[in-house]
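Let me begin by handing over the structure; questions about it come next.
A, B and C label the chains in the order they appear, each numbered from 1.
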Amino acid sequence: MLIGALALAAVLAVSGFLFVRRTKLLVDLVRIGKPTDRSGDLPERVRNEAEIVLGQRKLLQRLVPGLIHAAIFWGFLVLFPTIVIAMIGAVDREATLPWLGEQGWFALMVDVFAMLVLAGVLGAAYIRKVQRPARFQGSHLGEADLILALIAGIVVTLLLWHASRIALGLNEWPAGWSPVSDTLSGLFGDGGATKVLERVFVWAHVLIILSFLAYLPHSKHLHIATAAVNVFFGRTSAPGRLEPLRFDGPEEDMRFGAGTVADLTWKQTLDTFSCTECGRCQDVCPAWTTGKELSPKLLIMALRDQVFDEGPPLVRNAEGFEATPLVPNAVSDNVVWDCVTCGACVRECPVSIEHVDHIIDLRRHLVMMDSRFPSEAEPMLRDVERASNPWGKAQSERADWAEELGVRVLEPGDPAPEILYWVGCAASFDERARTAARSTAKLLQAAGVDFAILGPRESCTGDPARRMGNEYLFQAHAEQNVGTLNEAGVTKIVASCPHCFNTLGNEYSDFGGNYEVVHHTELLAGLVREGRLETNGGAGTVTYHDSCYLARHNDVLADPRELVEAVGEPVEMKRSGKRTFCCGAGGAHMWMEERGGKINEERAREAAETGADTLAVACPFCTVMLDDGVRQRGDDLRVVDVSTLLAESLDR
Amino acid sequence: MSVLALVEQIDGQVDELSLQALSLARELADGEPLTALLAGEGGREASAQLGSHGVANALVAEDERLGAYAPGAWARSVTDAIDRLGTGAVVAPGTVRGNEVLSHVAARLDLPFAANCAAIDERSPLTVTRVRWGGSLLEEARVHGSPALLSVAPHTVPAATVNGADAPSVESFAPALDENDLLVRVAEHVDAATAGISLAEAKVVVSGGRGVGSADGFGMLEELAELLHAAVGCSRVVTSAGWRPHTDQVGQTGTKVSPDLYIACGISGATQHIAGCKGAKKILAINSDAEAPILASADYAVIGDLTEIVPAITAELRKGREP
Amino acid sequence: MCVKRVPLTGGRMVLTADEQAIETRHLGFTISPHEECGVEEAVRIVEAQGGETTVLTLGPPEAEEQIRETLATGADRGILLAVEGEEWDPQATAGAILSTIESEEASGGAFDLIVFGNESADSGNFQVGIRVAHALGRPVVTGLKGLTVDGGRARCEQEVAGGRDVYDVPLPAVVTVLEGINLPRYPSVPAKLRARQKPIDKSSPERPDSRLEKLRLVLPPGQGKQAEILGEGADAAPAVVGVMRDLGVAP
């Protein structure tokens, strides 16, 4: 026994040393990250932990792989005490964990969960080796195979150990309660060979566990430690809200965005440590799906590699060491600019990695520090700055669309309307988006809503600038608009553009603008429910495209659908609701060229395949992009805003 | 009042814009003598063409140093001519050189200079209408100074001819040039690297704006241009976005074109751009927005998607050519 | 480098009630495109050869905004001649700029290069740079698309039919540049923040009498022209070709 104890101590020491040394590095790498406030909202954080970690909610978004993982995960939670039992048993053949080691129900759980884990491993092996889904492209499959093998090894040695103990009569628990082990025990006699095997199995079990322990923080499997922490510190605020920067610091602090690993926040570093390379994000990324360079998974992996490369010298404060630019060393410019900020990746990620925040921070550095961005976006940025709208049109012409409709334009000093209709730059200046504004205005008038528009005083919310990474320009506009709105005494706003809706409702509060903001589909649905607007069917079959900034970033799903149902026969696309597929205009892509396959055509294809007559949208960008996509493909599909469908139904 | 008109010529051929300026000069002269001033090689030869434009006398400044263009030397020629003739006004075409030379004259004589005039409103006191914003706005201004210095905005006044006029009498003189006048002169001429139809001289221009969408999108415009022997132009947004070089830019700060037909594809029609193409005889706008400002400046329009319309036009043109 | 604050007009011009100016209430402002390129050119020369760029403007007090933009591009200091009310005619403008330059040069030494835009986007008088140069007795080359400063001389390139004309003048000199001479940079945010601290000297000169006296502004006739719609979409192609044949431009 003494030898056993010494041996165990030695192995524990080695394994523990390796584990601790590596973990210390990981902790240090996270600690040198820039600060970010992830405190507050404690109840929500606890709830996320319970649902996402314990409940495996996000993993179960894909049912079969989710169940496989859940089996392994829950199995490990249940089997955890068996590690201690095994170590005790390795040292003293006759001993076990007091009380727990003798419980039949525990032994039953162990058996059942061990089998579940094994089933999970086999299922995972099947998926990885036979099905070979595309989401694993670029992942380190060898590492994954090793981990699965080690897991299998752990449960197999456990079961065999239990089996051999039963065969030798050493089991402290009633054998009948562990049917699997009991059955397996039939393989063993009660002789000397089994005695040896019993020792072999327990030590194999312990050694596998301890080598796994040492291996763990050196591999992507370290997610089992980091994931739980990452989920706890995940975003609790609206997904569509970006974290503002401060520009009033001293000159030395003038570094904006993520230029090198030294600029990453601790959460971003933790993100890179939590990635298991599962590829679910990659699968749903519109850029990757249309053949572009960007894969959210590969992005996080590349950042992780760079952290491991250049983080340690920073931790050590190595003399004269300067971290190298992330772009283009770790990440290419294309990867940064391909993103449409649709958030599908963030929605899928089971460990709460926030890919969009990474992209935005990379963009912030490129745009605000290096002026390094696609040249075709420069006119947009200059126009937002000088002309107050991204199309460089004259603000004096902003209310022209409303001229014939007799819409009230709020002048300085006028009393505030009950609700302010924030039209947005697109609806004001783009001819396709204008129809939605006209329809909305007509509907509001028909329902007798007291509303007004700001007209020329409404300047761009700054969303395209912010999504491009030009936080400085965005804040200038935010402050200006908040000033205008607050002075006018506006408290309630309806926006027909989901980007305006998101920015006004979620982001302007950081700048003193606190308004009740609704999307026009929410307001119109409410009016229909109240009976202030009547609807008539007859629009034919309609498929509704969820805008990313409505559905995913802001949970607006039901109201637009109510409206569609009221005017036509709805038919859903496969990728709908929070699973919606982007139109391709987000992330300032309305103003950037698209290399490779066209996201809007991909979505148009999906819409056309439903066989519907009409593609209903609720966003001016989606209107333009999907209309372009439909025309390019020659589909027989009418792309129209929900408000126009409603207005047309009114006339029927 | 007696008027002196600066006339530009290349190799003995009078420039079109100078002929337009002569119309305004004649109106200003209102019956009194109109003298043309020519400088540089070929001046004497060119002067013969001026009779039909109402020029009675031509003054040709001759000096071998006037071979290469030097604004100071031309300005000296003008001031010397003013002294000889005692003119009440000097009129030049609103070309790069015309404006430059008269600016020099104005500086030398400390006189006001009304550049880019489109009309004479009153002769005494002299009030003119001049062009602002490249033509999108007009200014009525009174000129307080004598002689009055005016340049004529291109393509605002037609080059009218007079019937039955004789060729002008020609007098040559040598302007009293000093070395300061010649300090700034053309030292060398570098030929353009690329051939191809020059935007400024093309009879047809196919131009693209934001609506074209990308650098590649210009392919269909280039195809149409080739068929029409046209030059390809673009709006300022396109050059700022990096899709086409600045040399293709049509607009107030780019090239000002005066083709027979200007085809504006996906161009919204900001005044900045209109300033560059309003010299066109006819403008055809191809735009998806029926309310785009360009329709207020265009003669014809097609509403719809330019990616469908432009190839359709190209195809229709090709059809017509097949035997 | 001399710049001018001008409004960003849209698709149509609207005049104030008194017909003296464009209604700029909801318009954005910028400096003329020629001048933007001039600032970039000046900053590049200083970056390559050392020295300092001073930006001067004569305009309303709000023109400080435009100076700050040039400072963000890389100019070192600004001078604002703040004037309000009546517009200054080109001769008066040149006079004020001249006095400022003369007093600057008296204390700081001569400017090697004084840069103007070829003409301002709004009034387009073409003459301010030349007048200033003449008063200073310096050579002036206009309409530049290329500029190289080396060894006390400036090599200046103008675009003409068929190529470029090249001038070679000694410094100190005055040049006026055209858009297209370079592609102005997009300033970084630190540059913008630093620009807020750079010095701007302000003064308010008195306006002399106008010798080119603006009486009023007028919208050109035919601004309400409505195009003849030839058709919609690709179906209009035959009509278009018909027009081309009538104009004599079809192949």
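As a working rule, contacts are C-beta pairs under 8 Å (C-beta built on N, C-alpha and C of every residue); 3 or more make two chains touch, one makes a residue touch a chain.
Just so it is clear, the model here is predicted, and its values are computed rather than measured.
Averaging C-alpha coordinates per chain and comparing to subunit A, the farthest chain turns out to be B. A count of C-beta contacts for the chain pairs A-B and A-C puts A-C on top.
Between subunit B and subunit C the centroid-to-centroid distance comes to 20 Å (mean Cα coordinates, whole Å).
Note on chain placement: the centre of subunit A and the centre of subunit B lie 59 Å apart, centres being C-alpha means.
Centre-to-centre spacing of subunit A and subunit C amounts to 48 Å, using the average Cα coordinate of each chain. In subunit A, the residues touching two or more other chains are 378, 382, 392-393. Shared interface positions of subunit B, i.e. residues touching 2 or more other chains, are given as 268, 270, 290, 292, 305, 308.
Shared interface positions of subunit C, i.e. residues touching 2 or more other chains, are given as 9-12. Residues 9-13, 22, 32-34, 89-91, 119, 121-127, 130-131, 133-135, 139-143, 157-158, 160-169, 178-180, 183, 209-220, 223-241, 243-244, 247-251 of subunit C are the ones touching subunit B in the complex. Only residues 69, 71, 96, 99-100, 102-104, 106-108, 111-116, 127, 129, 131-145, 151, 183-192, 198, 200-201, 203-204, 227-229, 236, 246-247, 249, 252-254, 260-261, 268-272, 281-285, 290, 292-305, 308-309, 311-313, 315-317, 320-321 of subunit B touch subunit C when the two sit together in their complex.
Remark: subunit C residues 8-12, 14, 23, 25-30, 185-190, 192-194 touch subunit A in the complex. Those residues of subunit A whose C-beta lies close enough to touch subunit B in the complex are 375-379, 382, 391-393, 400, 430-432, 593, 631. Every residue of subunit A that touches subunit C in the complex is listed here, in rising order: 247, 251, 254, 256, 368-371, 373, 378, 381-382, 386-388, 392-398, 456-457, 470, 472.
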